[in-house]
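Here it is, the structure, as structure tokens.
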Amino acid sequence: MLVLLKPGTPEATANDVMTRLRMAGLAVHRTDHEGRARIAAIGDLGGISADEVAHWPGVESTEKLARPFKLASRAFHPHDTIISVGRANVGAKAITIMAGPCSVEGEAQAFTIAAAVAKAGATVMRGGAYKPRTSPYAFQGLGEEGLKILRRAADANGLAVVSEVMDSQQVPLLARYADILQIGARNMQNYALLREVGQTQKPVLLKRGLSSTIEEWLLSAEHVMAQGNQRVMLCERGIRTFETYTRNTLDLNAVPVVKELSHLPVIVDPSHGVGIRNKVAPMARAAIAAGADGLIIEVHHDPDRALSDGAQSLYPEQFDELVAQIRTIAEVVGRTV
Amino acid sequence: MLVLLKPGTPEATANDVMTRLRMAGLAVHRTDHEGRARIAAIGDLGGISADEVAHWPGVESTEKLARPFKLASRAFHPHDTIISVGRANVGAKAITIMAGPCSVEGEAQAFTIAAAVAKAGATVMRGGAYKPRTSPYAFQGLGEEGLKILRRAADANGLAVVSEVMDSQQVPLLARYADILQIGARNMQNYALLREVGQTQKPVLLKRGLSSTIEEWLLSAEHVMAQGNQRVMLCERGIRTFETYTRNTLDLNAVPVVKELSHLPVIVDPSHGVGIRNKVAPMARAAIAAGADGLIIEVHHDPDRALSDGAQSLYPEQFDELVAQIRTIAEVVGRTV
Amino acid sequence: MLVLLKPGTPEATANDVMTRLRMAGLAVHRTDHEGRARIAAIGDLGGISADEVAHWPGVESTEKLARPFKLASRAFHPHDTIISVGRANVGAKAITIMAGPCSVEGEAQAFTIAAAVAKAGATVMRGGAYKPRTSPYAFQGLGEEGLKILRRAADANGLAVVSEVMDSQQVPLLARYADILQIGARNMQNYALLREVGQTQKPVLLKRGLSSTIEEWLLSAEHVMAQGNQRVMLCERGIRTFETYTRNTLDLNAVPVVKELSHLPVIVDPSHGVGIRNKVAPMARAAIAAGADGLIIEVHHDPDRALSDGAQSLYPEQFDELVAQIRTIAEVVGRTV
Amino acid sequence: MLVLLKPGTPEATANDVMTRLRMAGLAVHRTDHEGRARIAAIGDLGGISADEVAHWPGVESTEKLARPFKLASRAFHPHDTIISVGRANVGAKAITIMAGPCSVEGEAQAFTIAAAVAKAGATVMRGGAYKPRTSPYAFQGLGEEGLKILRRAADANGLAVVSEVMDSQQVPLLARYADILQIGARNMQNYALLREVGQTQKPVLLKRGLSSTIEEWLLSAEHVMAQGNQRVMLCERGIRTFETYTRNTLDLNAVPVVKELSHLPVIVDPSHGVGIRNKVAPMARAAIAAGADGLIIEVHHDPDRALSDGAQSLYPEQFDELVAQIRTIAEVVGRTV
């Protein structure tokens, strides 16, 4: 149930409403929009009716939240969520660019790439220390050592850090080094992990599962938000279809759809989405033209020797050129870089 | 087999080579690129070897065409194909915009929309007179009467006409009224129809089937081209995936992929691709940013009363605004509108 | 609208009802079930109301046909349709087995295989004379010569003939030689072709399109039936999914689903469904266990030299053994072979 | 690399081979087949060549393991794996039937259903205590209390217990109550969880992910097996396709495919696969006809009041009848129930 308070309702009255809803066994979340409090009261409405609540002091009206996702919906939270992390304000007018290698491979590699992407305009550095690999026999990442390198390389270049957390037990470790906790596509419905990151206050980058509908993706965001952490960025990274020419099918349709359904920022990952270097820039440009709030792109100065995903990593010069193009397209859609 | 002639080979020698290849039972197609003739010789090479041909007078080298599509491939025809029709040069630097109603519904409707789209910058008018409908009980189009109206409305506004042909028997009729013969997604592998349009000299707009791989799509273009008609435009219009929020999943990844594999122009149809009015403009912008050569868009001045596809048709004002945005994005990718 | 007449309504009254419905502009189809006439009246109900019709003489009740397919639905035609052709009664208690080569390649091949499959228990011979091929350069079938051979081979062994018709112009030719007109998966939504076969009285084997939903498939059957030809058999032959190990994903779920929604017989084609010889028999057994009315199976005595689909054709001995297994499974589900 | 020892090689020699392989940095796994040891040596072969190893004492030959899954492949382990748990021998001649409610809801429910399924022929009881739910607001299971009830209900009826473990931290708890640890479809690529169950000696039921290829599924089994736990059962439970009539598309093609690629037993879950009660029995029958080693089926005595998945649960009488049908089909494929 969504409870709209009257404009100018005193805080004490607002608090009363929230207390009474909690006493009815409901989880209560509040947002303020255009001078009015909006309260989402979630749970079994058995003991209380929306009609009844509509007559409480301070309440202007109540309505049912029709979609299964509540906190993630625009109905509850009409204005765009902006998530500030380092120099980035994800979801604000300026497009956020995250870039870096697929995996952290060593000090020299990380510092070289960090410097290059910072210079080109990125504000967040990506890099994997724990890699989810289809085969148990493939390179699994440098682990904590990789996180330390990533942190130092990012700090030296004024960048925030995003890195993947693969298991609920790993959350404290990742939270120590990273500014944004990435949930990978394979773990989009790992609910124990979602719960755990929901209990931190770290921003979360939630990748869409390979065969997840948009509704399931928003419900996974809801799993995080229901724990109290509202700072979720959604990341489209390609879905699985019958087409085999590209590694995945980057679903840019999801960008305008999610922007309408939800207030959460949407980041696009064209590197995993298409998996072929010379297709990354066209799809990155397209993502911004479609209304994405940011990009996350794999960049490597020596991709032929990369330990993972070399074939889809941009060279630093290609990344430079791409950011310049993005700048012009951003203006067309009322954004900046 | 691809046969490259030496620069400056006399025409008589070139003709000899082609005649000998034909006598060996091969279909022979020629294109000229950077001052040199390239000859595709297609068929069972049983009686002739590539090594042997490489020693013929005038022949510089021979190679196997590795992909199953030959005439549609860049290997045979390295430069972009440009198809001129009316004022449009599809595949040239200027983006081609095709627009109009889903179905022709009557004189007033067609003239109103034709005037609006011509004024906004379209050079080709779309409109269905024969509609492929999933249900036998739905509106099937106005038939020949619709074609006549479409022709008059387009002529009055200096537009070329594209309209769908649904059956091999209908080709002469459509060819009488339309400048571009559209093959719909459901008929992408109707080989009798492909053969028939391949025997006309009308440009063909070949929509991608709902579950067709890019290779199958190019092979359907090859069915047309093998009959002698090289003027094929490919049209991406959404593929079928598990996602149900959008009508289809517009696959923009296909744009850079096809541009690399083939010399044929690529048009994007965001109207059918997403099927929701307010998602059409973002995906149209994205298509141009991804490198498409043109757009085909449904526009209707009174979509609530449209006999088909009203929910995805743009209002003329929305179309105006979209064309203006496309103009700026086109510049970023080195194009114009 | 479905109009149920009272038991024992005189024919003259029934005819009056049908005439009045026709005069209201509706298409009228009748079936008799448990001693009562059921009339489907299809079209724009603008000038007539179901309530009004319910009071006409002889009418017991009226109801809306909720699903978009009418004639194909169990609501209109509650009992199973049985289609008799040659010695086969497709849809009756006895499972129908259709078998033969992918393509007719010559007299010896066709007679050898016809004899083998007839002996094993098949009553219908399959064989392509016109082949839909993804590439224009692949073997396209023997054409009319192939049809003549097929007819003779089948006749010599007491078999009926099923063969594919690829274009509306080809229907008279195919109807001359074949007992069952096959519509291939690529043509499932070739509406001109569906209309044309709907105007013959030949039974139709309608293959499911590679990415067609069950509803679309039944609507394609409806396209045939709306022309007056009620003798449609549905053929599941695999859908396109992300899985690439098998050629297609044979969707046996469709069998019980279609049997509930529709009265039309369902045939399963495991040869195209999986595309790998040693997987054909398990899936054929599974199809019968799931409730299919029949099988259509590729059999070739020398598959390594087959001009098409050799890799999925059974050897005659494998086919023999399969029919024996099918016999026992048929009993479990109350059928015979 | 696969190392085949000569028949009759003394154990001491075999141990020498294994030690030398381990010293070269390889992980070593051994199986015995037809009187001969087969050793899989997995890892970076940098310091050692297959040719060299082929000349070691006791070694008959060496070969590369071509597929990315090694321990799960038939190349390494040619004979069927049989996993004994309680009265069940999963993978042996007798079909294993697992049945029970979707979720454990209470003592009475669990005991009623346990008694019914045991009487009908099940040897393993299924039941969820921790439920992965798309929405954070849906019933999440009874937790440890549910596990206790499940254990008691199973014990009272001589059944083994299979129940889902959702997180690496939960493994010890589940291992205390369940005989088989189920990995759900959403967690098929939760590698931390796979590693953790791989370090127990409990049999694992590994469900196929909704959009996982067969190769990815076998590689997830490999993640478990590489930790030392070879007792993995694969469970096909439906894939995600475009078809929306059924909840998922149960992919029975996977059964013969996996049985050829791997020695692991394959269980089919028709309840989740189709999600509609009256389609469960046909698909269960089809699964056995296709060669599955067992079934896992949801049974509920009062499905209308079930807290989850009621619409797909069989009534006990339906389950009885199904087991009887399975018995006859099993014979056709050389199995028993």
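Per-chain numbering from 1; labels A, B, C and D assigned in written order.
Everything that follows uses one rule, which is that a residue touches a chain if its C-beta (ideal position, glycine included) is under 8 Å from a C-beta of that chain, and two chains touch if they have at least 3 such contacts.
These figures come from a predicted structure and were not determined experimentally.
Think of each touching pair as a link: the shortest run of links from chain B to chain D has 1 of them.
Among the other chains, the CA centroid farthest from that of chain D is the one of B. We define each chain's centre as the mean of its Cα atoms; on that basis chain B and chain C are separated by 34 Å.
Mean C-alpha positions place chain A and chain C at a centre distance of 49 Å.
Contact of a single residue of chain B with at least two other chains is seen at positions 211, 240-242, 244.
Per the touch definition, chain C reaches chain A in the complex via residues 211, 240-242, 244. The residues of chain B lying in touch with chain C in their complex are 42-43, 68, 70, 132-137, 166-170, 186-187, 189-193, 209-211, 216, 219, 222-223, 226, 240.
Interface of chain C with chain D (complex): residues 211, 213-215, 239, 241-246, 249-257, 260, 273-274, 278-279, 282-283, 285-291, 325, 328-329, 331-333.
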